[in-house]
Every structure is written in C-alpha cells, then in structure tokens.
C-alpha cells in the first residue's frame, strides 16, 4: 500500500451530508465528542481509511483477532442533512502525510456530495476554564455571522489550527467546500470531557439534534487509556529491527 | 532502484504454499525459528527481496565477495501445503517503508497462490519465562478455535504487533488472505533461542512436520553476532559524507 | 494535495517580467524588502503557491476566517519590465522539498516569460555593520560587470546560499534563466530592516524605480512578530497526535 | 527537479570505459585519489549529476558566480579501456536517496557501455597504518584471483561498505555489471593522502597507467578545507526558515 486508501464497507445513499471530523487532538476534545455522537445516534460504519503514514502496527484485540490502525467514517441519517462522522485511532503527523490524507478524505467527501465540513478540536490555553467557550473559525467571511447565533465565539482564538481540523478547512476551501472548525476551550494538558461536552452542545444546536451527554466522562477515560497505550507501543516500535538493544538509536535505517 | 523489488532466482511450482515469516524482531525469536526451519528442511532459495528502505550498505563476506542487504524467500515441499519461508538481514523501520515492503511481499504471495500467512515473533514481557507460552493473533474470529487446539494461547497478549509480523496480517486481511501470528513469550532484552524453540514446536504441530531443535542455541549465537554487527555499521553509516568528523550531526543532507 | 501547486488568482499579461523573490531567510532581510516593495508599488496578487512541504496548519485570522500557509506572487507593471514579486509565510526546509518548490516556481516563471530572476536575502556575518554592504552572486560571468555599476559587491561573500534565494539561481541556470542574488550584510541574529533598506536601494537602482523607505521599521516589527508566532505553533504541531502528553517525543509516527 | 538528473555536457564516444568512483567518504581517500587522477590525466568533464537529495544550497565562487552542489563525470581516453571518473561535492545520505542516485549512475554507465566498475574508498581501522594496505571486495568469486595479483588484499576486511562505493557494486551486480571496490587502510579520523596514494598505486597497476603522486598532499589539504566548509554551511542551512533564532530546533517544518 503506497498511498492512503479509503475502502467503503457499505454503499449508502446520503442526503447532502455534513462531514463531522473528530480525530485525536488537543485534550482529545474532538475525538470524545465525535465518538459520543456516533454512539448516541447509532451511526453505522460506511468506510475505513488506511494509510502508510499511520504507525506500522496492528492492534491485538481481546478476542484474539487483530485490526489495523485506521480512521473510520460513520453515517447517520438526518432531517435536512445526513451526517458523515470521521473518527480514528490516530492522525498523520508530518505535513506531507497530512496533505495526502486530507486530500483523500476530501475526495471521498466530494464523491458523497458533502455540503459542509465541521471539524472538532480543542483550543489549549494552559488554564482550566470554568465554563469552556467554543471558539470558531470558518472558511469564508459570511459564515461568521451564520454561526455566531449558535454561541460560537469568533475572533478570540489566535495562532494556527494544526492537523486535520485545520487542513480539512484549508484544502477544502481550495475545492470551494465551506468549513467550520469548532474548538472547545481546554487546558491542553489533560483529556477534557467537559470541553467536549461544550463542543457537542454547540454542534447539536447547529445540527438541530439532541444528544444525551451523561456517558461522556466514561468515554473520556476509555479514550485516554487507548491513547496512552498507542503511544507506549509506538515508542516500542522504534526498536523493531534489533530489539535486543532497545536503548540504541535506530533511526539510521530510515 | 526506486521501490522494493523481488527477484525470483528459481521458478518453482508450489502446492498451495503457506508463507512463514521470520524477519528480525523482538529477541530474534521469529528469525531464529525460521532460519532453523530452512536448514532442517533443506529449503531452497527461490527469490530475493531488495529495498531502497534497507540500509545503503553492502556486506563484505569472508571470501572477498560482497552481497546486498536483503530478504530471501525459501521453498520447501510439503504434503498438503508447500512452505514459502521469508527471512532476512533486516526489516524496514518507517511506516511508509513497512507498508511498501509488505505490499510487495503480498503481491508475490498472491502470485504464488499462498493460502495462509504465518508470522513468527517474540512477545516481550520484561520477565524471564520458565516455560515460554506461544501467544496467537489471527485475522478472523473462526481461526481462534482452529489454532487453539495446537496449544496457541489467545486473548492473553495485549497491545500492538509492530513491523512485518503484524503488517502481513493487517494488509493481508484487506486482500482477504488469512493470517496467524505466533509470538513466543520472551524477556525482550536478549536473544532467546528457548522462546524460538517453543514457537517452532507449535508451528511444527500446525504444519504436521517434525524438526530437530538441537542446533537452535548455536544458531541463536550466530544471529546475535550478525545483528550486533549490522547495528554497529549502521551507526557508522551516519558519518558517510564527512567521515573525518564522525561526531557531527549530519542529518542536514537528508 | 501530493505536490506543490500554484493557483493563478488573476490572469495577467506581463511584459518581460523580472522575478523578485523575498521569502523568509536570514534576518528576514529579503522578506522585508519584498513585502515593502509590494506595498509601495501597490502590486496585485496574481497567484498563490501551496505545498505539502509547508506546515500542516491553517492560520486563524482576526476576523474569524482561516487561511492556508502559503507563498504569493504579486504583479506590478513597469516601463521596460513588469515585476513579479514572490513572498510568503515560509519556505520549505528539506532539500527534496526545496528542489520541488523551486521547480514549480520556475515552471510558472517560464510560463510568464520571466527574463531575469533577482533573489533577495541576508548575508550573516555575526557583526553589526555600520553601513550594510550589498553582496551579489550571479549565474554567469558577464553579469558580474553588469551589476557592479549599481554598487553590488562581488567576490567578498563566501560559502553557500541556502534555500530559495540560492536554488532559484541554481535550478534556473540549468534552464538557462539568468539570475542575480542580492544579499544585505547583516548580523544574522536579529531581524534587520536597515539591511533590507540597503538591498532595496540597490534593487531600485537596478530596476530604475523609486520607493519610499520610511515604513520599513514598522514592517520589520510585524514580520518578526509573525515569524515568532509561526515558529511557536510549529513546535506545538509536534504534539498533534497525543497532545495530552506534550513532552513525549512523537517522532515515531513519521 | 523531482529526481536525480544527469546532464551530459559533452557527447563523447568512449571505448569500453571503466567507471572509477571517488566520492567523499572515510578519510576522503577515494575522493583525493579520483580528483588526482583527473588532474594528472587531464580528463575532461562529460556530464554533471544533480540531485534533490543533495543539500539545497548553491556554492558562491570567488569570481562572484554561483554553482550548484553536484557530482561530475570526467573522461580520459585509454589504450584498452577509456576511463569515466565520477567525483563530487557530496553523496546522498539516506538509503532511499543512495538507491536512487546509484540507479541513475548505473543507467548512465550502461548507456556508455561501462565494462567494469571500480569504486575507491577508505577502510577505517582506528589505527595509523605504517604502510597502508589496499583491501578489495568484488562482485563475483573469479574476480578475487584476478585482482590479487595487483596486490589487492582480499578476505581481511570485515563489515559493510557504506554509500556509493558499496551500492554501485551491489546494484551493479543485480544488473550483471562486474565491480571492484578498493579500500585504502586508514585511521578514519582524519583526511589521509597516504592511504589515497596506496589506492592510486594499485589502481594504476590495474589500469596499466602511470601517475605522478607528488601533488597528493596539497590536494588533501584542499579537499579537507572544502569538506569542512560544506559541513559548516550545511549546519547553517537548518536555520533557513527563521534564522533569527538559530538555536531553535526547526525540524518541525519537515
């Protein structure tokens, strides 16, 4: 496999879908919100994304069956718009990889006639917020007014949006696909279900849906445990060639 | 050479072959077991795999003739299934390289109509096992019951399988090729012929063959010496451009 | 997006244009000079350059609208020659990326029938110059005499020109496109508007134009602030995958 | 420029040429020997090799004209065999780059009908040799006897040959092009003209030519100075994007 590949596991007709992206990022805010949405809406997996830029590992599941590290697309029907929800174990880390993976996601979105991209993430401030704000960034000026009315805060976030949450908007804009990034205010140093809840509430208002948020804390704990496990093994992966001497720097084979 | 290339050195008709992979990994468990199998069965080399992702070195042999760093496929006839055994000096280290190399191996396997993939490796625990268990991971649920009866332990191994042993199962599954990974329990901090023996015994039961294991210790010593040599020279390779100042960081030319 | 892409935002007929390059570099000398030139001449944006080798970030603007990290081409009409001015947020850092991006820039230049390439940069000496000299390097011997008369100092600069300022001359020469690099003498350890002014004065003499330099100091401050912001966020980008543990080395996913 | 490119500067008919490679390596032994051979034979440049895997710099020459970092091929007529001598500023450092560059060199060699590849290098021992031996490694067994008679020492060198000197033999062998690597015994920690002289003497015997070696020491000094300069600037190249803060790790833009 030489490039990022999306494999459809179900061919579903979708009604002007909205892409909701919640890959791992700051405070796992977007991931927790999107995973929760999938569960509460009973969304169905429709596609899997594999990438040579993801870790070269397979995950051992409790039942003895392995699975690839991957991203997944889930589908949930809606009134005006269906939802296409993107979640996953990891996101690519280098620029080249992010540009490639984002391009493939947008190809799939265009095929499915996605009408709007909403990316979810955390906005790290180094402080513990009492009531987390939800900051917004959009592709085009008129969208600012459109989403202000849902309580999205514009003009207060500074700097850059890193990774998929930003790249989907940026590369989407080049393809003339409108996008909105919702960022939950968060400390940045820990997994933050409260920030995820704030993002989810604004998102639900925008989508005109209701979702129970009681299980968010439990989900946050699971996400944190998984993220730590991935990281630990990723470090172990460095010693794959000559693992009997794990302290040696093996970067030379690259 | 811009991509991984497999060159057949003998065109052999194979009977529904099973791929046995034993590239270098944790405790060199898989490598020792596979190298031993080749010797005891008198398997014949049928193909060589070269890759631009392997170290840019050639190995000086005692007779004054060089050879490339490579992987090799060996063939041994069997009753129901022939064996195609994959061994080698190194495996690729980056994700992109692992995905490419694994893809090429699977291309060759499909050409040779491989019916099952068995990968061999070590499962590092940080403890010295008294009688090493052989843990298993499979591509599909029904395979769990099928291999339990040979003494393979399922559901006790956690985390990820890194490198070829995992990727062959993962990318193989996408191509609908069933796979089994056998991991010998091992400390992880040293080369472990005892763990290799445990893996070999389970493998022989599965294959319905018998193999003398007396020479395993000797083989382990040779493997360890070679792995250390490769590593030492790989480090030296970093200084190739301006070797008169070997302490300088030369990563800039990359 | 798999490779560097230039998108024309205005199709403009140009009269034997001269490319002026001022991307970020030593002391931001070239960038300040080129940005200033654009403003003073009222040059119009005609193309944008995006690259998967640029940081995988989008920049949050004060108005709530994001924009990609990019380079831009501006056009200003001239008497004998129009100007095509290249500026931007960043330049690629690896060799492979520089060769690709430079190639794309030259493709666009050839399409626009660029007759001369002038690259602007700083020449770091570790000393604070009283009256900064402007050093020159050219593609071909006869150009030395041609530009000496404008006060360009030849034969006193040593070593290499790194990045776009050098590569445009180097790869341009292979395509038989003549080039001149103007380097303002500078300390190298800080942003230097005085050096930019020296470069600008020589450039204006060569181009036969006049430009007010009073706003250069203000521009230098803005450039410095932006460069620092980019750098800070770029460091943050390293922790994108598992940002809850920002101190961990995450390079393994690459 | 997306891949390594060889540009012929003179179309010369060659008589069954022998490739002599002397790129920078351990003790600069091969480089000094090959540069010297070019000078003494009055060999003419026939081709230049550029690569996106070489540093993204251009070199400022004393006359004010820049030149690319490159490798060069020189041609010298011979009695039985012409010589095609490959020298240069640098060699690629990563495996992928070495495989690509070596492949391009071999393409050119095949086009020119090269009948034998001789690569020159140093063999670092950590000791100062009194009379440096010249170790040899060949592609095929029968070549051992053939070159022993010229004083080449076989079977005493261990480990791997890193970089072009090894890869040309390795990838050449796959194309059925015979090769010989001559390695001058050297300390490895400094530039060694004495080792280069030993290599040159054996090479001249093999080629049946005579070459004055009096200027070798002077050449060694120049080579050392150039190598140090390249290295120093290469380090500076790391800070190209935001050079005003040279101490920061800028690897993130990659």
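Every chain is named by a letter (A, B, C and D) in the order it is written, and numbering of its residues begins at 1.
Quick note on the criterion: contacts are C-beta pairs under 8 Å (C-beta built on N, C-alpha and C of every residue); 3 or more make two chains touch, one makes a residue touch a chain.
Bear in mind that the values here come from a model prediction, so they are computed numbers and not experimental data.
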Under the over-half criterion for shared residue numbers, do copies chain A and chain B use the same patch or different patches to meet? different
Would you mind checking which chain's C-alpha centre is most distant from the centre of chain D? A
Give, as an integer number of Å, the spacing between the C-alpha centres of chain C and chain B. 49
Between chain C and chain D, tell me the centre distance in angstrom, where each centre is the average of that chain's C-alpha atoms. 35
Touching at least 2 other chains, the residues of chain C are 53-55, 94-95, 230, 237-238, 253-254
Touching residues (chain side chain D, partner chain B) in the complex: 24-28, 53-55, 90-100, 102-103, 122, 124, 136-141, 143-144, 154-155, 157-163, 166-167, 169-171, 173-174, 181, 188-191, 224, 227-228, 230-231, 234-235, 237-238
Within the complex, which stretch of chain B touches chain D? 1-2, 7, 50, 52-60, 62-69, 229-230, 232-233, 236-238, 240-246, 248-254
